[in-house]
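Take a look at the structure set out below.
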Amino acid sequence: MSRQWSEHLLLWTLRGLAMVAGCIILLIGAFLAVESVPALREVGLGRFFSDTSWHPSGGVEAGSFNFAPMAAGTLAVTSGAVLLATPLGIGSALFCHFYAPRGLGVAFRRLVELLAGIPSVVYGIWGLVVLIPLIRQWQPPGQSLLAGILVLTIMILPTVALLTESSLRAVPRSYLQGAAALGLSRWATVWGVVLPAARSGIVTAVLLATGRAIGETMAVLMVMGNIVQVPTSVFDPVRALTANIALEMGYAMDAHRSALFVSGLMLLAMVVVLVAMSVWASERSRYA
Amino acid sequence: MNDKSVSIDRRPWTKRPACCESRDPCIEVRDLSVSYGGKLALRDVTLAIPLGCITAVVGPSGCGKSTFVGTLNRMTDLVDGCRVEGRVELGGHDILNGRTDLIGLRRRVGMIFQNPNPFPLSIRRSLTLPLRRHGVRNRRILDGKVEGILRRVGLWDEVKDRLDHPALDLSGGQQQRLCLARALVLEPQVLLLDEPCSALDPIAGGVVEDLILSLRGRYTVVIVTHNLAQARRVADDVAVFWVRAGAGAMIEHGPVESVFDAPRSEWTAAYVQGVHG
Amino acid sequence: MPDPSVSPLPSLSEHRVDWPDRAVASLVWLVALLVTGSLLWIVGDLARHGAPELSWSFLTDSPRDAGRAGGILPVVVSTLMILGICLAVSLPMDVGTAIFLAEFTRTGGLLAHFVRRSLDVLAGVPSIVFGLFGNAFFSIYLGMGFSILSGGLTLACMVLPILIRSTEEGFRSVPDEYRKAAAALGLSQPATLWQILLPVATPGLVVGLILGVGRALAETAALLFTSGYVARMPSSVLDSGRTLSIHIYDLAMNVPGGESNAYTTALVLITLLLMINVLTFWIADRWLHRGITHR
């Protein structure tokens, strides 16, 4: 009797804990939504993209709430970083597995893992003190989209490299044997057999890295100059959505504060879409 | 085991070709020893594999059959800690020599494995990939070759409507024939088959076996098999391997009739008997 | 039989150079050098700028002159307090959820599916969004204000998916024979869990724990508006307190002339993370492999 009771208690405790863990994301979504309501109702979604500028502290009437330059900044820095980090990350993974002498490959993997563990503020301070002066010598002012892209590339490269590496490792040995027996060269094996076999893993890697790039705050905040404008060249300073929140949350009031939550909600939505896509990609490969 | 052929009932098209009677060697193996991480797996194998003939390699598990076959196209290079000594001559060239062009070697010496291992590509691309990599670019020629080789292995009618479907959707027997097609499409001189039928059901295995028989004369074939009846049906020559003093060795080699009906070694006699009885 | 369309059989002795492979190999080596170079550059720069100021008193002094001078003792204390709260809350949740996912959902089930998916999404949520949520929920709605408590709870939400993934892996690596043997002995389910499965699954839990601590230590954006900036020694968990990473950010961005101490703090942080990293490998190698060979 008491035994059954204790098993019941256990099961329901565990269910409860799991339920709470599962509900955190809903709670986050809910609080972001609730805090966004004033801005969405009073300012309206349209004005976030049609207003003339971003001067939100004036309040609902006097202020203007155009997110577009910052959305453009996020888009530009993310796509730049993903475009650079994808080939570099895949190259790193190929190096580990096919091109490096054995011991070196393992050592290189460790090194990439170290790179993955460096906090974003450290990348930020490196960008601030080392990278920006270098860019400034070339094209002032230095704080720029380019600096953001470069720092972000180094930050998301380990995500691409490590996830790609693990999907390369999962390619069955028999494929490699078959390719060798056909006299395929190393590159022909990689291009013709290994990369197609690992494709869904690589897609997942890139998607997750994209999510990481969209959400990154500190490094882009520290190196991109944070001027609200649509960039016309990579040397322009820009402000990303995340950096905007970090900069203004401290003093934002009322509609302004609420508008920041709207941008947070937008970030959350983008990440949900990316995660859903990567789940879909890996699930599809499982049944293929 | 199916005993539809205890006697040697060679089908008409499988007549021994003239070249086989002349017994010109295609591959000459001399004092071949292989060790894995210092442990000897194969000791002092010497034999000549005649051109255009089918040579079967038989013997109990672990006696080094796969190891032997793997040295003939240097698949052993893929194994860490594997050391190969001796000479293996193909067309007068010692392929164990460090300067051998491995890619060229493996194009001349194709290989089929026990478990069918088609690539995760479409049927068409499984065949065009090796062709493209070896210099065929023209689409028309590629298509022609794909059709030709699929007809050759009897797959064309089964797959002609789904050439762009994944090769992994095929049945085991079809996959194995596709692997055979993949190897044959490069027109190798030698084909190595490591237990090509043992993962297949008897009917699919029979289809593959007939295919192997049809290769006689055009290719030099080395087939590893555990099925002595099969060896008897397909082979011209048989090499019997055995574990002696902790390492594999070849204990008998000769034409199929003499090995099966008048074995010189008592082990061979017992082995052949055991499977017969 | 010779076919003009396939390149003629090559002579075996001539070694043809495979140009595409050569080209790709050089590219790949170049990438590896670039990546290695970047890491060395970053770490070298950190060591060069940070090491001169590093001393024992840097760890035991309070910051002076907005952090330009003095040490980081209160920052270290706040960091540890935030970390402590984060783990105190997330660990029980972690173990409970992981046991539920690994042991009670063999056949699937709606709740398990829901929990898995939401954790997947939670793992991808940007840290600034955690910051917004923590500010709205813990600091304002629950009235904790800018405090170590609010920061720790926000971090707990953030590291939870990492912990659970690894702990669940740990439970899944327990061989089924153990469960069968325990059932055959007539052990109750709670007893089986606590006395047999949990000890075997501990390495997974520890690895997750270490990864989570690493992530929490590195975090900045989620704490800006939850635990706040105050650099004084905290007297309770309801005080505001800044972590090492916020200290670095503040010195680098808001305090002219603060770079030098920012670098030194970064060096401390990196050293801490490196030690954690090495510890993970050590545990994973030693412990997990032993588990596998025992099976």
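We call the chains A, B and C, going by the order they appear; numbering starts again at 1 in every chain.
Please note the rule applied: contacts are C-beta pairs under 8 Å (C-beta built on N, C-alpha and C of every residue); 3 or more make two chains touch, one makes a residue touch a chain.
A quick note: this is a predicted structure, and the numbers were derived from the prediction, not measured.
J.: By raw count of C-beta pairs in contact, what's the busiest chain pair here?
T.: A-C
J.: Could you tell me which chain lies farthest from chain A when each chain's centre is the average position of its Cα atoms?
T.: Centroid comparison gives B as the farthest chain from chain A.
J.: With chain centres defined as C-alpha means, what is the inter-centre distance between chain A and chain B in Å?
T.: That gives a centre separation of 51 Å.
J.: With centres defined as the mean C-alpha position, give me the chain A-chain C separation in Å.
T.: Chain centroid spacing, chain A to chain C, equals 16 Å.
J.: Can you pull out the residues of chain A that are in contact with at least two other chains?
T.: 185, 188, in rising order.
J.: Would you please write down the residue numbers of chain C that are in contact with two or more other chains?
T.: 18
J.: Provide the list of chain B residues touching at least two other chains, using ranges where the numbers run on.
T.: Residues 103-105, 107, 134, 186.
J.: Going by the contact rule set out above, which residues of chain A touch chain C in the complex?
T.: Contact set of chain A toward chain C: 3, 6-7, 10-11, 13-28, 31-32, 34-35, 87-88, 91-92, 94-95, 98-100, 108, 110-115, 117-126, 128-130, 154, 157, 161, 185-188, 190, 208, 211-212, 214-218, 221-222, 242, 245-246, 249-250, 260-261, 264, 267-268, 271-272, 274-275, 279.
J.: Spell out the part of chain B that touches chain A in their complex, as residue ranges.
T.: On the chain B side, the touching residues are 73, 75, 78, 102-107, 110-111, 113, 115, 117-121, 129-130, 133-134, 166, 179, 182-183, 186.
J.: Could you list, by residue number, the parts of chain C that touch chain A in their complex?
T.: Going through chain C, the ones touching chain A are 18, 20-21, 24-25, 27-29, 31-32, 34-36, 38-39, 41-42, 45-46, 49, 92-93, 96-97, 99-101, 104, 111-112, 114-115, 117-133, 135-137, 141, 157, 160, 164, 188-190, 193, 214, 217-221, 224-225, 245, 248-249, 252-253, 259, 262-263, 266, 269-270, 273-274, 277, 281.
J.: For the complex, which residues does chain A have touching chain B?
T.: 172, 174-185, 188, 192-193, 196-197, 288
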